[in-house]
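Just below sit the structures, each encoded as structure tokens.
The same subunit A turns up in both complexes below, where it pairs with subunit B and then with subunit C.
Then we have the complex of A and B:
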């Protein structure tokens, strides 16, 4: 340890034996409470739910006997589970590239200095500040077939009344969810990519301009390789968030019509808190954790290779 | 191949007037060096010629055609940047070929030109490497290679050697000079280093505060500076500037220093100055115009001076010795063994035929 305790603040006294011990252990003592809290709220529930996933606990009776791998075997027979994973994949596969593309285009638009730039950036980032459940509820009102302005606007341009049941009609529920999701989170991509783009070496871009390269060539040879690490991290963050998507869908469709827009998070919630299948829900959670760990590891590995 | 003609060019950055109404003509095949202290507008001017900045007023013509409204890519120029600006995710080969590919040059032609350029610059064995795997000097060669394959009308260099260490800088300077002999394209080179300016230029354009202070051949600027600024900027160690008064004395003219010492102005210079006797001047004497006095008679205009050596800085070939002239520190460049120790009294001969007298009020050279 290179620091020492100074008790009266004026000079360093030769520390006593106790003082020396304290001095050596002090860093550990200081971080100990934080570690303890972390273990308590992080590791303990994780291990406990792992145990629960091997039991027969439901909230409707007292059976806590161990069931071995029964719950995990059940996972593979549960078609609604795999359907919900499919829904999650669809939403992620469409929303993530859209957010990336829109975020990138916005960033390109705002990369040049212009008057009022900071104000516009601040306004554009506003959606990400709103709680997703509020965003979902707001969009539900916007989509509303009787009072919603979106129907009004479409009717105005079409010249005839247009009534779309955005949150009920099977053809429109996914577009509705994705519009809301993309509206809320494209600004996040925009912000990260704006920062990444402003770090692209200006003289490389100037050299390419003098060399006579087209925008696409500059994009491919200079800009994209330079911002690739940021794109990867942004996609990872948004991708993980999208796999866990809940609030927006809960507010818009509650997973309906039927279970058509039920994602894995919604299904887990339904199993746990309306079917009361506690142990089975724990097993689902571990399936999700395993999947996300796999994806994250693969992405990080690819980034490592790229570097 | 092209000449460059700037007429009345102004450039502002907000409230800063970086280039102030500049006229400049650089003829076809010339190697022009824009030099000056930092903030003098030399880089701005180069970037304006490249089209990376738009002038606020005035015209820029390359090869007789006004290019103000052309984008950089349409001006057929090549540029070497201070930080090299190599494309980090492309190999050396692709870096050099980048401009040719962008202009849809046939593949066979690209290969031929890249290997020619690589041959010329001695980087043929590096073509498959990436810029981060190269040393500073190698990167600099790649940057130059990228410029020469384009066969542009005009070459622009923006302080290309300032990121290199001293030895490499000398080496690359020689190569750039040789390059100009081989490809004879018009070149405009920006530097703050007066040695680079002197050694490379066909013509030095010395800038100060966004205006041209003086332009001409290197030796012309060195020997006949028009202002005290030019005299002080060129030459290393820089010229000694000592305040004095021009005084008529013994039928001739002398410069009298604050300490009471005086030096006789050579008759050749004195005749032109007789009307301004009594005036305050700054006497400029280059360190190279000092020498150890020999036994024989002194030439016309060479005066004896006895001084005490203060600081002694041997460089191997020459020894820079600090002495006092008229109470002011001055540097004399002597032969390696002319002076031995601190505090030694030495008999010097100062060649005043080539001294400059500067008007302290205007900064311009009187004689």
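Then we have the complex of A and C:
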């Protein structure tokens, strides 16, 4: 044990070598178990899937021989895969702006204090706490041609029986999915945007009002720039969710009619857990990872530029 | 001489005396006796989730435990996940399942993968071969073996039946009107043209109260109807030499067009009907004809209506008014079915085998097919002839006779390597048909998908399996 003298003359005990090592490494030692767990549950499956994607494993044939780029080449020939990506893009491109718009309008409506505001907000957020598979099953019942209230309501207004096969007719099957999706997730956008709108600088809004600026001008010049980062994050979160959309579609249409509403998640599930193309499914998952990484990077880059 | 005679008689008596208890014992008793040495162990069995599982949960499982001391753990799995779960267990080598319920069309895949235990040695060891002869030939000869070995005991007499409303078909006014319009008697349809005539006629006369017919239309059910009709109209799934799919032939197109056209005389929204929707409509008297598995007939007669487990089944408004017939063209589809098998990774193979022998035996299975709340249908000659079963409701004899004849004439489900992929292609194609896509385009796409699957499996491999399947008497109508 050695001692050193400090500048103010007080004596400090100098830590031993072991103590210094421990002191230096302590932060690493503390986080090491968490990192180890993360590696085990995150990185290991990822690496293992990558290895599997270069093999020929199916559920009936455990062939672990190296297949080269066979599975990746197959991706480019698989028309059903690209169709499913197209369906995913359609749903995302329509549902995301709708959710954003409805969420924003709802937030605008509730930004001002009003009686019962908190109760209404709590009620409006309810759909987001429901499991998506339950939401899909509920909407399936609502859309039912014989017992569903939607048909009854439409018939009442039309004055004649309206029988729409929402989950069978190609003209209605996408609207059905998007209605369900927007119903469930617009409140999420609403919550985020309500918080963002609450933080817009009131003095700027008051100054604009005094100057006689129109609402659209205020929206464009003050509100949107102020809440842009929140909009970007909300869109990123919901966009990624929409790319992974599964439950609602599974409950509503199971990807049908035919494969018309089959998204990439449904297709991956069918390949992996119904048709047991294990190696090929691993290759699909890496394609999805690559696409999502690309999209996320582009969005984040754009956010960086905007900042 | 007298002494030798006496000696001979004594010897015969002695032999008879020794062998008498063995001869008295049936397969169920033999299984119980042999299983007692495994008392205290637990065996698991994969069973279709829902009503089917009530058999081992409420009846056979507890009874087996009482008789042998072996506990039965029932692993309930939805039908569409059963193959996956069985294969996952096999691939992982976990041995979580001892006995299995297997859909017969999966047998080639499961047997070739090695997931099923060959049962021949157990059958001989526990004297079950004789009782297997009592299983109706359609199931015994087609759903029990793969490559000459027994891999499962057919345990469910699944077959499609035509149900029709006798009160409507026998109504003098309806009969008269029908004959005047079409020139032949109103009777259960012999072909699809007749079904269309009758269906349209009843709809025209009685809708919206009663429609001519209603069928289940959502996946996976209509593919069984397509398989039956396509073959009965002369279609072949493949060119046996090249293994190129021929489902997009003129026959395929004709069947698709007919199936689509029939929706017009069925209740609005029939395209969305599943098993339960169709059942409800028929039991409530909304449809005059339907085609389905045997439980419809029992429930339509009101059998088991007081059962707690059947509370979801609408009360039958048509009890006593339902007739049973073969489906049009007379060769109904033996849709789905179940075999009882033993998992190759089981750690209790013999105990598992003894359980399935007991379940499948003449004595136990007769009790099981009469359980009103499960979906097991008669599959043994002794079931069809059972006086007890035939007395369950007034029309039960006609019901059992129709099931027996339907089974004898039944057509097998297509059963190839990776059959689930062909099934999926058919299911998706029919779903596109209801959505209004051009039938020819759908069939061409289905044929392409069939070819892609065959190519992936290996044309020669698949050709060999198809050849074996196509040679079976129930594969194609002769």
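Rule of thumb we're sticking to: the second predicted complex is superposed on the first by the 277 of 307 C-alpha atoms of A that agree within 3 Å, B and C clash if a C-alpha of one lies under 4 Å from a C-alpha of the other, contacts with A are read in each partner's own complex, and residues count from 1 in each chain.
The rule is simple: a contact is a pair of C-beta atoms (placed from the backbone, for glycine too) under 8 Å apart; a residue touches a chain by one contact, two chains touch by 3 or more.
Just so it is clear, the structure is predicted and the values come from calculations on it, not from any experiment.
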| item | value |
| --- | --- |
| Clash-or-fit label for the pair subunit B, subunit C on subunit A | fit |
| First (subunit B), second (subunit C), both or neither touched by A:257 | second |
| Subunit B or subunit C, by number of subunit A residues touched | C |
| First (subunit B), second (subunit C), both or neither touched by A:211 | first |
| Which of subunit B and subunit C A:276 touches, first, second, both or neither | second |
| Touching partner for A:60 - first (subunit B), second (subunit C), both, neither | second |
| Touched partner set for A:152, first subunit B, second subunit C, both or neither | neither |
| Touching partner for A:24 - first (subunit B), second (subunit C), both, neither | neither |
| Subunit C versus subunit B - closest C-alpha approach in the superposed model, Å | 52 |
| Partner subunit A, residues of subunit B touching it in the complex | 50, 52, 71-73, 77-79, 81-83, 85-90, 94, 98-99, 101-103, 146, 150 |
| Parts of subunit C lying in touch with subunit A, wherever the complex brings them together | 80, 84, 87-88, 91, 109, 112-113, 219, 267-269, 271-272, 417-418, 420-421, 424, 428-429, 431-432, 434-437, 442 |
| Interfacial residue positions of subunit A with respect to subunit B in the complex | 201, 203-204, 206-214, 217, 221-222, 225-226 |
| Residue numbers on subunit A that touch subunit C, as the complex places them | 59-60, 62, 144-146, 163, 165, 167-170, 173, 254, 256-260, 270, 273-276 |
